[in-house]
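To keep things simple, chains are lettered A, B and C as they appear, and every chain counts its residues starting from 1.
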Amino acid sequence: MMKIALLTFCTLACTLPAHAAELTLAEINARLEKVEAELKLSQNKLTQAENKIAVAEKRASDAELKNKNSKSDIINDDTEIKFGGYARTGILSGKQGTTTTVGPSLTPAGSTGGSVGRLGNEADTYVTADFDYKRHYANDSSFRYYMKIAEWDKTYNTDSAFNGQMNLRQAFVEMSDLPTFTGAFSGSTLWAGKREDRDNFDIHWLDSDMMNMIGTGAGIYDVNFFGDVKTNLSVYGRNFNDIDAMENVEYNNMTGADNTFIQNYTFSLNNRVGGWQWMLNGLYSKENDKRINDGLAQDNAASHGFNTMLAWHGDSFYGLNEGSTKTVLLYGKGLGAEVRGPGSDGYLIDDAWTVKFATYGMTRLSERLSIAPLLVAQSSNSRYIESDHYDWVTLNSRLIQEINQNFALQYEASYQYMDIDPKGFNGNKPVSGSYYKLTFAPTFKMQNVTDFFERPEIRFFVTWMNWDKNLDNYSSTDTFGNAGYHSGGSLMFGTQLETWF
Amino acid sequence: MMKIALLTFCTLACTLPAHAAELTLAEINARLEKVEAELKLSQNKLTQAENKIAVAEKRASDAELKNKNSKSDIINDDTEIKFGGYARTGILSGKQGTTTTVGPSLTPAGSTGGSVGRLGNEADTYVTADFDYKRHYANDSSFRYYMKIAEWDKTYNTDSAFNGQMNLRQAFVEMSDLPTFTGAFSGSTLWAGKREDRDNFDIHWLDSDMMNMIGTGAGIYDVNFFGDVKTNLSVYGRNFNDIDAMENVEYNNMTGADNTFIQNYTFSLNNRVGGWQWMLNGLYSKENDKRINDGLAQDNAASHGFNTMLAWHGDSFYGLNEGSTKTVLLYGKGLGAEVRGPGSDGYLIDDAWTVKFATYGMTRLSERLSIAPLLVAQSSNSRYIESDHYDWVTLNSRLIQEINQNFALQYEASYQYMDIDPKGFNGNKPVSGSYYKLTFAPTFKMQNVTDFFERPEIRFFVTWMNWDKNLDNYSSTDTFGNAGYHSGGSLMFGTQLETWF
Amino acid sequence: MMKIALLTFCTLACTLPAHAAELTLAEINARLEKVEAELKLSQNKLTQAENKIAVAEKRASDAELKNKNSKSDIINDDTEIKFGGYARTGILSGKQGTTTTVGPSLTPAGSTGGSVGRLGNEADTYVTADFDYKRHYANDSSFRYYMKIAEWDKTYNTDSAFNGQMNLRQAFVEMSDLPTFTGAFSGSTLWAGKREDRDNFDIHWLDSDMMNMIGTGAGIYDVNFFGDVKTNLSVYGRNFNDIDAMENVEYNNMTGADNTFIQNYTFSLNNRVGGWQWMLNGLYSKENDKRINDGLAQDNAASHGFNTMLAWHGDSFYGLNEGSTKTVLLYGKGLGAEVRGPGSDGYLIDDAWTVKFATYGMTRLSERLSIAPLLVAQSSNSRYIESDHYDWVTLNSRLIQEINQNFALQYEASYQYMDIDPKGFNGNKPVSGSYYKLTFAPTFKMQNVTDFFERPEIRFFVTWMNWDKNLDNYSSTDTFGNAGYHSGGSLMFGTQLETWF
């Protein structure tokens, strides 16, 4: 009886906690399972979310990359459009008058390429706008279409009813990486159209071309026949002025039509290896020898010729300092005797020959001082009339001194000696003598004021120039000897904008 | 006493585990509640995150869509700008000389629309650039502004001081889906400006227009008066050359001012249903009948006229093969007797009438061979002088043979017979005879070489052409009979770029 | 013994649940710890996810902002390109003939700025396209390059071989917020180039300039010398026609070269505070006094002069109603006596003086009715020849009545009285009298039809105009008195597009 009581009691006493524990366990189980299930679900969702975020981030950075890519691009999946431009415009005046014929080619040597420093010497407006369209194809080839329009104007007016004519300068196509172009031609670029050659270059300070091959034609760039040599092959067509009826009546009666401009064809071979460039151009202009140059003699223009260029493109300042240099040696014969631009001069005669040497560079003298000196010399003989000569040498140096991050002082000194005997061509007289120019140009820039090629520049300038008296006699229609510009010292001042992008 | 001891013991013995369980429960409770709460929080955050991701993905794909949309677009929420262009330029020469007057219209029939095949026959440069601006308004209407500039130049030079003048070709506005335009006018497009009509078309191989309605005016497209017929109503103004003072002194004294070009107005009705198009144009040019055409007789130009066109635009090659065809029948009277371009010829006289038939198509002969044949025939009578006639028929066929994915051989054969009696107009002589042209043109393309309209194309070509001797007598100023181009066979070679986008 | 049994039992009875509870605890512990750990992990991941989403959203909205920013922009991180344009073109005819010389300046007062209402009075095509390039630099300065081309054409043809010449109108650079520009110059903008001044304004209804300072030059905007006054300083160069050889042989022999256009320089001071603007311009053109005006007397042109403008730019309609008004008072002397455009007239003489008053505004008369009235009066004396005079007053009002959201009726009434005695300059005769014009123009728009400056507009119009008979005698080459346009009432109708963006 007590056993039972005890048992009873103990059941009562002992099962109470035990019974409570069992209830809790079920409840805990349920709640834990629920938590664990939901947690797993959340973790899966989270993983998906993270994947989606990764994808989204990729897409975002792709999109941003397209935006960044260049300062004026529209880029889509397979296409890119870039807009570019150049503008040079300003005002220039002086006590000597208002002629708008000053400029880097104002000396008697100018017409044969003898430019002087351009800083504080330009009053013209030259503006170009270009459209650069690139498309990438599924077969991994690339297409490029480039179009450029320009206007050149010698007046200040905002409508060009005065002078200046908008015109098309370039319109060409390039086909690159065509899958069927293999071997020596793999990586080459086939082109055709109206263009300035890709490998042209000039001396900016003189606005003078070292090599300016332009026209309408076709060719191929970067063929790799042997070693590291990249070769360009091309043909460029140009037109000379029509042969004057006064000079050759019979020929003109024969041709009749008004616009039978004489055609010139330049066949060009251009090789580059390392910093070296060697170019050979053959010229042919069938009927051009019907052209008769005036003068004391009666000389016929040439119908063919050639010219060649050896150039060194250096990536230091003559090995003396960081910077860059270019050194060029050119020779041309007959129709090729205008070495700066094959096919640019239809009056050259068979015996014409020209040799030209140029070297120029840029470097930094100190944190706040940069310099760009140059030397160009040319001798051109029997050019338009038997035994005439057009010889000249030009020295020029531009200096930039930083005042602050937006303002610099630019200085340019220019000297040219010329010895010219045209033998009466165009009624011009033989002259020899020197030209001097000094320019001081306080200049505003957005940044990098000592960088010679940083633009835009807004320049205010004062220029003093002078030349030997007898240079005034060369021509009655050029600048020298004009109302505005007589030997004895000429002071000009003005302001100019130059920009490109 | 034992009861107590037992109780005590049992309490001691039994409550130990029970007591431990109770502690754990509280702790478990707390920790579970914490976990559950934090889980719920995480789940909410996760849901928000997922929603945000969904939104972000939508925005991303919208943005990407805008980028993809077209090869040269800027697209914003309500605005789209598209840039387009066309360029044709190249060099062409031959032993016969340098005249730049060759082209598809070089035969005596050319001036009245009798073009021959253009492949290997063009030496000119024609470049256009266009700007296409679209804006969508809140009221769901759409605005379009289209502007196009062009330059045509017959020389190779990169500056157009020679010849060629940049000019504006089109500048017009289209207003579409104006909410207040309902009924027959719903979905119609109101336009005004200087333009080439939307529904013009030409034969590309001849560079010859079948219908070229252009000028300055206004109109409405796609009015739906009945059934499936879409109707265009428009008026186009054009100007003829001023009436020559020599011809009519009195009238010119009367008008005085220099640029009172004679105005012509063309009122046009154009209907399209399925592949059919029927067009009716009425022309009116008030003072044009004061114009006196020279010639053996003294005939006055017309001051009014009309022309009509029935055209079939087929989506197969004459039902024989996949491809396309167009077949056109045109008739014009009086001032409307130049059927290819209403208002393009101010010298037409009242009795002038012209009938023209043309059919052409394109199809694929095999995987690697496509062909595009055509026939055009026209008879124009009492055109400028009573009872003159200008009759001609042209046959032409272009063939493309694929060599590989970037290179194809193009062939073009062209034949034209003409019978022309100008009755002394412009001092031209009556002639009749045939013209033949064969061109072989190795051509480079980016892709789809056998597609007639795939561009760019860089073509190298050699063309042989010949014509009957008496065609040389037609005019003293046209190409035939010129220094460069006498009957007897003319060989030309060159290279040309053509592209558009 | 019972004790043991009891103990045994109790152990048996009581430890059973207790033992079970201990197992569960370990298990619970483990599972809880796992859940808590994973939850913490998930929470961290979630936080990262949320951060990434926030970043992604920022990038997305940045990207969208760039897209939205303007209707025709390409915006990249540091660069923005905007395209803009204007087009006005249409056809105009009437029973009186086809002269294309009508326009807002058709009266004898027109050449001195006396325009009449332009609505329903224009037959020309004027189209411009502009390119606006902005770049932001790391040093927080901003660069802007703006280029604008234009073509003006008086014919309907789509090629401008007829007349019209594309040309460059503007090309200038602005440098803003240069970090080194501080004090009075902080926030100022330095500019140079060929441009129309930023602060020019005109009366659109007359197509007549109140101040149109244009040319090539340089200057600075928004200098803050004192108080709230913003000051602009600038110099603008322009060119006058060359001095005619007939007038001054000696001078021309002296200058020789063809394009020595006479230069004019305008030095300008322009101040703005609140709605007020005060401008003072000094002009200098050294050799212009060598120019001899024809006429009864022999008068020399001026070589210097000045003009000044006081203008009020109001932001209500004369304080009577919402809208806007401008009121201008101008005075000019000598070379500055063409007050609307400094340097635009090289024939003004030293004694020339001009006073001009203009006031105009726009306001809303009701929900569906807007009005824009104006008055302009000018007296110009001893302008080209001693004691000549060119006096006129113009009243004009344009009204727009809304029909629905795309269609409105426009009305324009114009009156001008002129009293002109040219003293024989250019062979013109003294005249005085009135001109009247009424135009009714149903007009289509995309939206906001009663907004005077909402474009595009496609207008159809009918215009009636008449003038006093003796105005026909003013000139033999202007519109009045011509074949097309004799006093007695002239009815013209046509259609015109105008748009800009």
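Keep in mind that, in the parts below, a residue touches a chain if its C-beta (ideal position, glycine included) is under 8 Å from a C-beta of that chain, and two chains touch if they have at least 3 such contacts.
By chain, UniProt protein names: A, B, C = Porin.
Just so it is clear, the model here is predicted, and its values are computed rather than measured.
Asks: Please state the rotation angle, between 0 and 180 degrees and to the nearest 5, that superposes the Cα atoms of chain A on chain C.
Replies: A turn of 120 degrees brings the C-alpha atoms of chain A onto chain C.
Asks: For chain B versus chain C, which are copies of one sequence, does the interface use mostly the same residue numbers on each side, meaning over half shared, or is it different?
Replies: Counting which numbers both chains contribute, under half are shared, so the two copies meet through different residues.
Asks: From the C-alpha centre of chain B to that of chain C, how far is it in Å?
Replies: For chain B versus chain C, the centre distance works out to 33 Å.
Asks: Out of chain A, which residues touch more than one other chain, so two or more?
Replies: In chain A, 6, 10, 13-14, 17-18, 21, 28, 32, 35, 39, 42, 46, 49, 53, 56, 60, 63, 74, 165-166 touch at least two other chains.
Asks: For chain B, which residues count as touching chain A in their complex?
Replies: Within the complex, chain B contacts chain A at residues 6-7, 10-11, 14-15, 17-19, 21-22, 25, 28, 32, 35-36, 39, 42-43, 46, 49-50, 53, 56-57, 60, 63-64, 67-74, 83, 85, 87, 89-91, 93, 97-101, 125, 127, 129, 151, 153-166, 404-407, 444, 446-447, 456, 458, 460, 476-477, 479, 482-484, 495-497, 499, 501.
Asks: Contact residues on chain B for chain C in the complex?
Replies: Contacts found on chain B: 6, 9-10, 13-14, 16-18, 20-21, 24, 28, 31-32, 34-35, 38-39, 42, 45-46, 49, 52-53, 56, 59-60, 63, 66, 74-79, 81, 131, 133, 135, 137-139, 141, 143, 145, 147, 149-150, 165-173, 175, 178-181, 190-196, 214-218, 235-239, 251, 254-257, 259-263, 265, 286-287.
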